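Below, subunit A partners subunit B and then partners subunit C, in two separate complexes.
The block that comes next holds the complex of A and B.
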């Protein structure tokens, strides 16, 4: 039996919004330590990994490890029925066919109870090889979203260059080209901690599909800042840390340079 | 299933026999046919509750009938699907799923009788059901063996090795596999149609006096079998005519292509040879109680002859059943390991009623499996 309660439904709402465009069907893996979800998008270009720790819940109980296959777009629709400040309780029996979601209003005067049918998903456990990333860049999350949206105007492939001096996002398309450079530490102090932080051991330059970066940016409401980790020829890691409850990590395969393909 | 039209064409060879006439002999029984028929009376129970006890009792009743008339049964079960039949199996799986969905709907509307008809089409004989029957067989001391692949090949092997005097089956395939004596259509009173290869020459519809087993096999494959669909317009009669005229496999195939009446697809010959080799050399379990043996081909493989027939990559005859480790094969034959998943029955989860899958799937159907992409090479599984 599974029973876990979040003080605010908005957290799960935002999480599902951050995943549903990338992944349609995914399995929530519940264990006594919390719940996690790992899935690739339909074209296997990216992988997302969500981890929520039991300590981040108001109440968390999971007697038996179970995997609940859920359609994320449908879950998003159900969650739309909850107010942001409702408490949210997830419930499932052992070997469940359905997952129940209970929304209770702050004043306890309205209780909404939804059952969602589960799916039988063949779950393949994928392991992401541990990588020592050569460069890490921390950017305010909304800044990152803005950059991606702006660059998408001009093209669909973004070249990210991380150097000690700064990080550059460049795009080139039929219309023209654009460069956005962020320098470390400048915007700091005034807005309190919201600054660009660059930790580069070795300069890296990689190319990525903007479409996927845009999907990742859907997680912006979940965190103040986003961390991009890169190394040559390995996937980009985009991580949104959500305080004590957990994190969402996105991995994106780099685009291979044309000359390499020949 | 089986060879199209074969049994009808051999009607005059069949002799009506009662089990009493065969008293004192041992019979290798195609258990799948019985299990299948057993599911008719309890298809709803199987789909809704995963309860197939009635089906097992039906089979045991038949076993008891054999023993009552002094016939010693050896029950033979099907094992894994052959690689070349995976497509057919997938198509069947799909139509079963659809029948299950229809049955479930009718069941929910309370139309039990109609639902049962659909459920009959939805039920498949699973290794778990085979395992339940084996439990009962073991308890009453009846011999049995689970074939690594198809039961028909195993039946033919047992009979050829003299471990069984005749075969009880519903499937005309067993003639193609080379069973010499077969009791077809055994009814509840103990009578059936008895086929004896020796009487083949007396057949009235199709003259087969001079037919060798190789020729019978060629005729069966031409007429359409599980491994190869027949050519358009080809039935048992035309197949017989061709074999009668040309006699040898290569000449038959050449004659077929050059008579111009039928359009023959490009790879027909290659597929014919594969089908033929599958009938001849399918892997079976040697079945010597108490001894652990590896799998053997139904007929010894003549490597030189095979080398002439096949391209290099096919010479290990993987289409006639991939080899299985000796120990695993032994445990499969004894019914300890699920022949399809290769997991010991003791470790398998309890079978879930079929409708469980529907109940959770009616609304939520997972989207299709996606092809690998650029991310895959960075991940380990």
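The block that comes next holds the complex of A and C.
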């Protein structure tokens, strides 16, 4: 059986919010080490990978590895019924056909119990290769969300250029064009960690669909900062690290110029 | 700046044909070398080979085996090993080198070849992937491939990307499993199966070839090059491919990939299309082809060109024959400069005003559907027999909107009135500019200025009556003729009468999207449709793109409608990067 408890329901709420617009159905893979989820959006342009470690839970038990297929929008609706500071317990039997969610208020005076039917999902899982990225950029998560939102005003494709001197987000559309450049800040700069950090071994320039970046930015509440990793001709990795509990990673395939060799 | 200079120098190194260019360059270290070489051109020891060297392939040498040392030593080692060898030694060295090249190449091919249906690999997730990416337990012995399959695949692969061909090939083999089946098919069936691949002559030749094979060679492809060349559409390349791959004849073949590989192996500074280089490559290929496994050797050469020795960005670190590669020995960073790029041709441009006329219509089955006015191109010439939207040639490259409209109007007027949309239905409000699509053919460029005309669903009085009277003959596979007659019902049932009523050039009719797709759309037609209808572009496989669209970029006018598909880039998919891991529950 599976039983795991989170001190605050808000964590799972935010996670599901960060996924549900991108993927509708996905399978939570439970194992003794924790739980993970890998899914692609319907057009297979992006992939999200969630990893939660057992150590990040208040209590975590999984006797048998199981895969629980759920509809994320429905899960989000169920989670809306929980208060942010409720404790949340996920439960499932071996070979389950439902997953139970129990929300308990801090004062233990209200207990809500939800059962959600599971789905049989035959999803293809991709092997994510280990990539040594040539450039990594860490920026405050809300800054990233803002940039993506701002650029969407002008177009739908964003050119991201990472250079030692800074990272540039550029978009060109019918209305006009825009460039947003972030320069590396002093790490010691004011209230710690909230600055741009750039680690570029080789300058990289790639183009991506803003629509997907916007979906990724839904994970903003989960982390202070977001890390963008890029190398030539490989998908962009956008990673939100959630402290000790784990991380959520998004991969996005680049767009390429249509003119090319024979 | 720096890069530009480096490139220029490399070009200088690579060519002596462009000496003037070299002389203008500021002196750099490698430039000095070039100069020396140029000076002692008459020397036999000249270390930069030229076309003549290709014609004397005994020049093939292996650089010192420890080829991973730094540049300078490598360069020197090659230079020495190449230059001062007495003839006899050179001979034996050449034989060794040829053997090594064959072994290296075939070993690499056995391990890394791509899985392709025409290589007998079964359909599955791994098609198009390299064998190295396939887990051991998923590997299967390829089935025997029929020469006909080799033939079809080789024709399809001309000028077309492997990824694109896979789907077309599979469908083709289902529809026309034997030369006989193909020979018996109607030209329109053949055309429809080919639609989208481009270079439609290939399909017509293949069709004619199949008929010839059925009649003259008893339904079996001949195995000798000389006989193969008699079949329509089979040239030197295809004949070599079929004879070596399907029949195991030790004959050479040369295609663009092979030319590139050879040009780099021997560091030949010639333009890729130079006749002398092509000729040299043929004789070189003939001397190198492996007598025991000619088909695999030839495919390995091409595969190397397609996957490792790419036009841009050669993946030299993964190259099995790097140690014999003179371009690599000279300068590993400049390998991609060989062969020289031909000067970009300026293609003649033809501008057309395209009228994409759309109406909603009551189909005979009672369902409403959107229909498009399409014309068929004449059965000879460019894109012969393909369907397209209304096209009106413009004399100027950038006609103004009113001019475009009048061109389209003229084209509409030229249509037979039984087909043409009622003119009173076309008003200012129904017409919409949908921007520009440029399509590059091998010899000319089309600029298509697209205008969408949506006929209102609540029609004017004349249309209304005609619509009620419309009778449609849907049975006829090809010649569908809607007859919208103002006065009386008139059923046009057969092609003959359709031809009489249609304008001189070709047939004109109304088709639904489904029918259009069934008959196949050219790359341009589907692009026009995408632009006009803001359709989602068809999901394509990784990097798969419409065959040979060349520089098919579309520019949109500033005031054009915004749509995502309109952007210049192509969105790649995750599956292009991450391989399929089998989903086993016991995985960690």
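The rule is simple: the second predicted complex is superposed on the first by the 256 of 262 C-alpha atoms of A that agree within 3 Å, B and C clash if a C-alpha of one lies under 4 Å from a C-alpha of the other, contacts with A are read in each partner's own complex, and residues count from 1 in each chain.
Operating definition for what follows: contacts are C-beta pairs under 8 Å (C-beta built on N, C-alpha and C of every residue); 3 or more make two chains touch, one makes a residue touch a chain.
As the structure is a prediction and not an experimental result, all values here were calculated from the model.
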Requested in this report: Have a look at subunit B and subunit C on subunit A after the superposition and call it: clash or fit.
Outcome: clash
Query raised in the report: Of the two partner chains, subunit B (first) and subunit C (second), which one does A:253 touch, if any: first, second, both, or neither?
Result: both
Query raised in the report: In the superposed arrangement, which partner chain does A:97 touch: subunit B (first), subunit C (second), both, or neither?
Result: first
Query raised in the report: Just subunit B (first), just subunit C (second), both, or neither: which does A:157 touch?
Result: second
Report task. Report for A:45: first if it touches subunit B alone, second if subunit C alone, otherwise both or neither. Result -> both
Query raised in the report: So, A:25: does it touch subunit B (first), subunit C (second), both, or neither?
Result: first
Query raised in the report: Which holds for A:132: it touches subunit B only (first), subunit C only (second), both, or neither?
Result: neither
Requested in this report: Could you look at A:109 and tell me whether it touches subunit B, subunit C, both or neither (first, second, both, neither)?
Outcome: neither
Query raised in the report: Touching A:244 in the superposition: subunit B (first), subunit C (second), both, neither?
Result: neither
Query raised in the report: After lining up the shared chain so the two structures overlap, which partner does A:234 touch, if you call subunit B first and subunit C second: first, second, both or neither?
Result: both
Query raised in the report: Do subunit B and subunit C land on any of the same subunit A residues, and which?
Result: 40, 43-47, 124-129, 234-235, 251, 253, 256
Query raised in the report: Can you list the residues on subunit A that touch subunit C in the complex?
Result: 31, 40, 43-47, 65, 67, 122-129, 155-157, 173-174, 207, 209, 211, 234-235, 251, 253-262
**Report entry** List of subunit C residues in touch with subunit A within their complex
**Finding:** 159, 256, 310-312, 539, 543, 545, 548-553, 556, 558-560, 562, 564, 567-583, 585-586, 588
Report task. Going by the contact rule at the top, pick out the subunit B residues touching subunit A in the complex. Result -> 356-357, 359-367, 370-381
Query raised in the report: Can you name the residues of subunit A that touch subunit B in the complex?
Result: 24-25, 40, 42-47, 69-71, 74, 97-98, 116-121, 124-129, 234-235, 251-253, 256
